[in-house]
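There are two complexes below, and they share chain A, which is joined by chain B in the first and by chain C in the second.
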Partner chain A sequence: MSNEQQVIDESLKKDYAYGFVTDIESETLPPGLNDDVIRTISAIKEEPEWLLEWRLKAYRHWLKMEEPKWAKVVYPEIDYQAISYFSAPKKKELASLDEVDPELLATYTKLGIPLEEQKMLSGVAVDAVFDSVSVATTFKEELKKAGVIFGSFSEAVKNYPELIKKYLGSVVPYTDNYYAALNSAVFTDGSFVYIPKGVKCPMELSTYFRINEANTGQFERTLIIAEEGSHVSYLEGCTAPQRDENQLHAAVVELVAHKDATIKYSTVQNWYPGHPETGAGGIYNFVTKRGICLEENSHISWTQVETGSAVTWKYPSCILKGDNSVGEFYSVAVTNNHQQADTGTKMIHLGKNTKSTIISKGISAGQGQQTYRGEVKIMKGAENARNFSQCDSILIGEKCGAHTFPYIDVRNPTAQMEHEATTSNIGEDQLFYCNQRGISSEDAVSMIVNGFCKDVFKELPMEFAVEATKLMEVSLEGSIG
Partner chain B sequence: MNISDFNIEFDKMINRDYFSDKVHPLREKAFSKFLEIGLPTKKLEDWRFTNLSSISNSSFRISEKQDAPNGDVDISQYQIDDVETIVIYNGHYIETLSSIPSGIQLLTGLDYLEKTNWEFNSPEHSPFDLLNTAFMDSGMSIVVDQNVIVEKPIRLLFISSGSESLMVTPRIHIDLGESSSATFIEDHRGDSNSFFQNGSTFVTLKQNAQLDHIRIQSNSVTTANIVNIQVEQNANSRYTFFQFADGGQLGRLNIYNELKGEGANSDINGLTLSNDSQHLDNHVITDHQMPHCSSSQNFKTVLQDNSSGVFNGRTIVRKDAQKTDSSQSNKNLLLSKSALMNSNPQLEIYADDVKCAHGSSTGALDKDALFYLRSRGLDVLSAKALLVRGFATELLDLVKHDGTRDFIIDRFDSWLAENTTA
Partner chain C sequence: MLDIKNLHAGVDGKEILKGLNLSINPGEMHAIMGRNGSGKSTLANVITGREDYTVSKGDILFAGDSILDWSPEARSLAGIFMSFQYPVVIPGVNNTYFLKAALNAKRKHAGKKGLDAAGFLKLIKEKLIEVSMDPKYLQRAVNDGFSGGEKKRNEILQMLTLEPTLAILDETDSGLDIDALKIVADGVNRYRNADRSFLVITHYQRLLKYIEPDFVHVLIDGQIVKSGGKELALELEEKGYNWLES
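Showing the complex of A and B:
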């Protein structure tokens, strides 16, 4: 046990490995939110009149709403007037990577995403979002050849206004919830992906989000549209610098899958979880993610590995409208130290023969509190709908908690739905067995946890799976006692 | 019932000459708290699936002396074999029809409060707990001394009858002393079509005590039944609960079960049958506070027509409740296209060395099983009935007392005969 204790001590002392602040001049609005701020954001981004109107409508609706309190998370009240709603690196309109601020590039290098290298080697196009404005987009040319549109949201507003007008808010309307309304009012940028009919996207699309400017809420908006018979895999990964003030992140992600289309959306999230001993300063992650399988045989799959953030409030959902459509949700969430997560999914079955699978693995250590909250709704018209849900939790240590709150509404008798869940700890006998075979406790835990998460990791794209395994090790190292 | 209706009824309650004014402060405090919060709405997480319009849109009055029966009542239709029965008719205790079981003390609510030196902890989990304290008008306190084994089941028979819209608020206390054991049956019946019952039952089990608690909700399908059961268990005590519910337009069972001593065990089960537009709701909280306790929740619902049902089970495992072993299961059978079931089996766990599992499934009868039975010569109706019977048998078998089990099975079979459709 002394060996384990030592590991705990070491890991407790470990600072957030990705915590650093990049010193780049930013153009930042003063804190506060009112009509003028929204007009200014819209003006800076040279947006058309209709979009400004939409933002203002969302803002007025938001004013009427109340912050949701039902999640099992505790955090000090957020002062929405103390947040600055716009921050962008000053240098803009870059023609190539060479013009990118070298310091910014260095930041990416520190994070392990050298743009140039990725351009050459990995075959992954990166739309790096630094705070709120896309600075550089690689591989655009190649994607263009395939007809794929992949770029920042603001560019898309300028270049493809008819697509944005048609789909913006079609899956997550601004009236949806408090944070979605706020996002709709003040979103600054994000990613836009359009896959035309019959195209299989030639590479995995990836965006690295990064929160930087102090006191700046990050309000991203992502929209992915997959036309008939198309296929796309999208990766989202996040790391953030260490901060002492809580940062709010309220993103909205909308996915639209037409007939026979497949969208696979993977996330690895490792934002600053707060000070290990006090929990101070971590990121608040209040995200609305939803996809709609609009027509028959469409397929949407969410995979997420959540290891960061102080407070997570996130329910990636699927509306299975088309007949025979499929929705999937694979999740690994880790809460260590003072982290809190209330996360899960919603599967709403509308079409006939729709199928959904939910696999959720929760790992709670330290004083982490984790809640799985998921809803499976089978509506009247969903003949022969099928759902399988499994949510398992591992508890490590005496002060953590794991909670499971599934909501199952069935309105059609031909539907079949199953829900299973277990909660347990890492057995002493399992550890003993590994020790006996010469495997250290630390390795044994890592092995057991990775085995526990395997069902989810195998859904991740290769590079992400490696990163995820590493993240798990870092997040949990030494939490066994 | 709107707030002014409640106010009028409360005034009548307080001014009643045959109720002790010693209880008035308790009633007044609870009522003023109730007025502050009012009836729950669908906006509250705990009540989001429960439509209370059958209570809020009708007006009920409290039961008066004249609502007691005139002369004799024939209770043979409510017969259950081999039990001691205490009859409460429209909220009035009928001594002539009751047989007092030996080995126990029967106390009135007031006697019970005196006995416990008024040190009684009234829970306030919902506005209905407060309403019960404000309006409690009937019920019984049953005290079993230590080491006493009560062989014969004690049945409290609640009959609601007549054409008046009555609000009856029974309160039952069951106190089992150390190493005692008893079987207690709450039996709710009657022909009244408009009736609002808001009952509370408080169970306290001392060390090693053992209680079998059976609740039968078989009153008319147009009544409203709210029931709040609060169970406190000490070390190594054992509590088994089984509810059979086929009555009530609105039924809502709330159980709050606290495992406060090491080694305590609780098994909470329910079989619910609903048709027409019935809404039957089961909310169960098992709260593990000490190590080495075990618990299970097992609820099944069979739904026909436009009926709807809710299962909301929650198992809480507190920080100190290491070595907890708990399970939660909810299975539902939809016999019609327009039936609706909401199932929320929830776990809230703060201790690491525990074993907690839960499962839920909802669906229609298995087509393959049906085909198998038909290929063996059974007609559609018998095949379906056999499958539903098979679905429920696991729970029906839990009723240990023969007379009660026979009664429930009869009731189940006649429901099945009426509700199996091709």
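Showing the complex of A and C:
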């Protein structure tokens, strides 16, 4: 490794420990959760009465629930009364990139994020050369022409209350689980997408989203509806490292695919993983993501690249209700240092000839602990259902762990199930082989890991596949030697 | 080219090489023969700088410089290549990508520009012919699902591509049928010239029929007990090693 490289690596390590924290001036409710807090949130958002009622029902249900303990993750008890459930953050704008932490900028550069985008990510006022608002407006007009509705969840509540009322909680009811109930009670904002019948969304919603994603809330709510014969590809998140003053994140994402519709949902998540040596301060990401293939020939595909957060609890799932519907889950998860992840998917086959594919690639390094937990359920009426699952884990070093819990529940004898699983080490022999050919250990690890992840990366939109490759390098930096 | 002086080295605290001396000049082909456990592979691993192997005494000079403190990749970039006895499988990483990364690391080290995909492909296609390998191997993952013969040919392909000045062939003949052995030997022979040196490590005389060494050394218990010309290999074939043991 060259000296220069060492300097960059050192500074990157430092960045995660002491780096960028956004200056926030915010309007914040005092900590605590009760009926009044929920009424206040609803009032601030000027919500209709039915939505407030729904929130309150969710809250009362949540009070009766217990925090799930079955996941293979360890973290200190969360005091839900110590959290503030509403804060309208205003980012303090910086005058130029010179004011941004140079270490953060080094990471951005390493990830290949364009300069203008770096400004937006780090909260610098964007100059006239690249006006995000105008770009966003251009996108918005193009979407509008196609009839696509895409905006914040709060706007949608005001502008399309019937749609929200019809679909909110239809895939993930507030009774579903502890975090989904909490989210239903206190969610503040999120995204709403509606693709009308027969429309192929004219762009990857990623492009637009990346530019506009100023604040991801603590309790996000996303709802995507694809009407008959429509098609949409949506990308959430960002490869840039993200800090957040909120430690607990409990989002809910609901997808509804009607007849012949396709929804492709991709996530790149790189939240602060905690102090590299102690794991302190990292984000808890407890997310409920589920899609329903409501009618025949519908198709939902989840692709996720999870490299951040201290603790991840996440199972993007598909309910395959329509006949001939297809569900897919492609996942790469990295746990380095003290990160823990319990992630996987559920594929619930209800319709005839339904098909699901699960490709999960887990990479553990440092003292990272990772669990794949997946359930494939073939219900009685699901004639000729098929599932293919492949769960591979790779271990780097001796202190990390990988665990696989596949649950299979077949209630129809015509089902065809295939399950493959492997666990391997990036062995000293592989590294030496690369070294002997003149390839450095860092390059060797990234080559081996990217080879391992290839089947998932190819499912990502092109530009993100490139970034994801770089992200892996940065995430695993220093994991060898 | 390579000067090994009174080398004492071992692994896990156990001394395996016990005062080994060896000098290889440019253009020479040396063969090291010996039984299992005599220290042949240890010697290869120590020269290439494998972790876990420690040198307790002596020195290894390459082109006049002591390389004991050099990392494995620094040694490789300086021109030392080893054809592995057991080539390593790297799933998911295709051969083209791997070889290109290796070649470009070397070119950059030499102050040259890295080759682009087209330039690399042109080069590699010529090399493939020399080892009778189908271009489809390029698309497969490194050594993944390769037969023994394919793996060894792949090693020689890498040697031809990376153009080392010192090539160590560690038991390259093991696991090869006679046809593959000839292909490998032809590749090596064509690669020989006045600037390139070889250290061939082998059990048997078999490979040496096709690759004629200038010198043959017998390694017993971590020391070279006898050196001679290529006829020594034949003698060993006939008499075994016992007569050399003290």
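Keep in mind that, in the parts below, the second predicted complex is superposed on the first by the 391 of 481 C-alpha atoms of A that agree within 3 Å, B and C clash if a C-alpha of one lies under 4 Å from a C-alpha of the other, contacts with A are read in each partner's own complex, and residues count from 1 in each chain.
The definition used in the following text is that a residue touches a chain if its C-beta (ideal position, glycine included) is under 8 Å from a C-beta of that chain, and two chains touch if they have at least 3 such contacts.
Note that the structure is predicted; figures quoted are calculated from it, not measured.
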Is A:Asp409 contacted by the first partner chain B, the second partner chain C, both or neither?
first
Which of chain B and chain C A:Cys400 touches, first, second, both or neither:
first
Taking the superposition as given, does A:Asp443 touch the first partner, chain B, the second, chain C, both, or neither?
second
Where does A:Phe452 make contact in the superposed view: on chain B (first), on chain C (second), on both, or on neither?
second
Between chain B and chain C, whom does A:Tyr433 touch in the aligned arrangement: first, second, both, or neither?
second
May I ask you to decide whether A:Met417 touches chain B, chain C, both, or neither, giving the answer as first, second, both or neither?
first
The chain contacting more residues of chain A, comparing chain B with chain C, is B
Residues of chain A contacting chain B in one complex and chain C in the other
424
Using the touch rule from the top, collect the residues of chain B that touch chain A in their complex.
45, 319, 332, 334-364
Going by the contact rule set out above, which residues of chain A touch chain C in the complex?
424, 427-430, 432-441, 443, 447-448, 450-454
Within the complex, chain B is touched by chain A residues 70, 380, 393, 395-425
Okay, in this complex, where on chain C does chain A touch?
48-52, 71-73, 76-77, 81-82, 84, 87-88, 90-94, 97-98, 101-102, 105-106, 109, 141, 158, 162
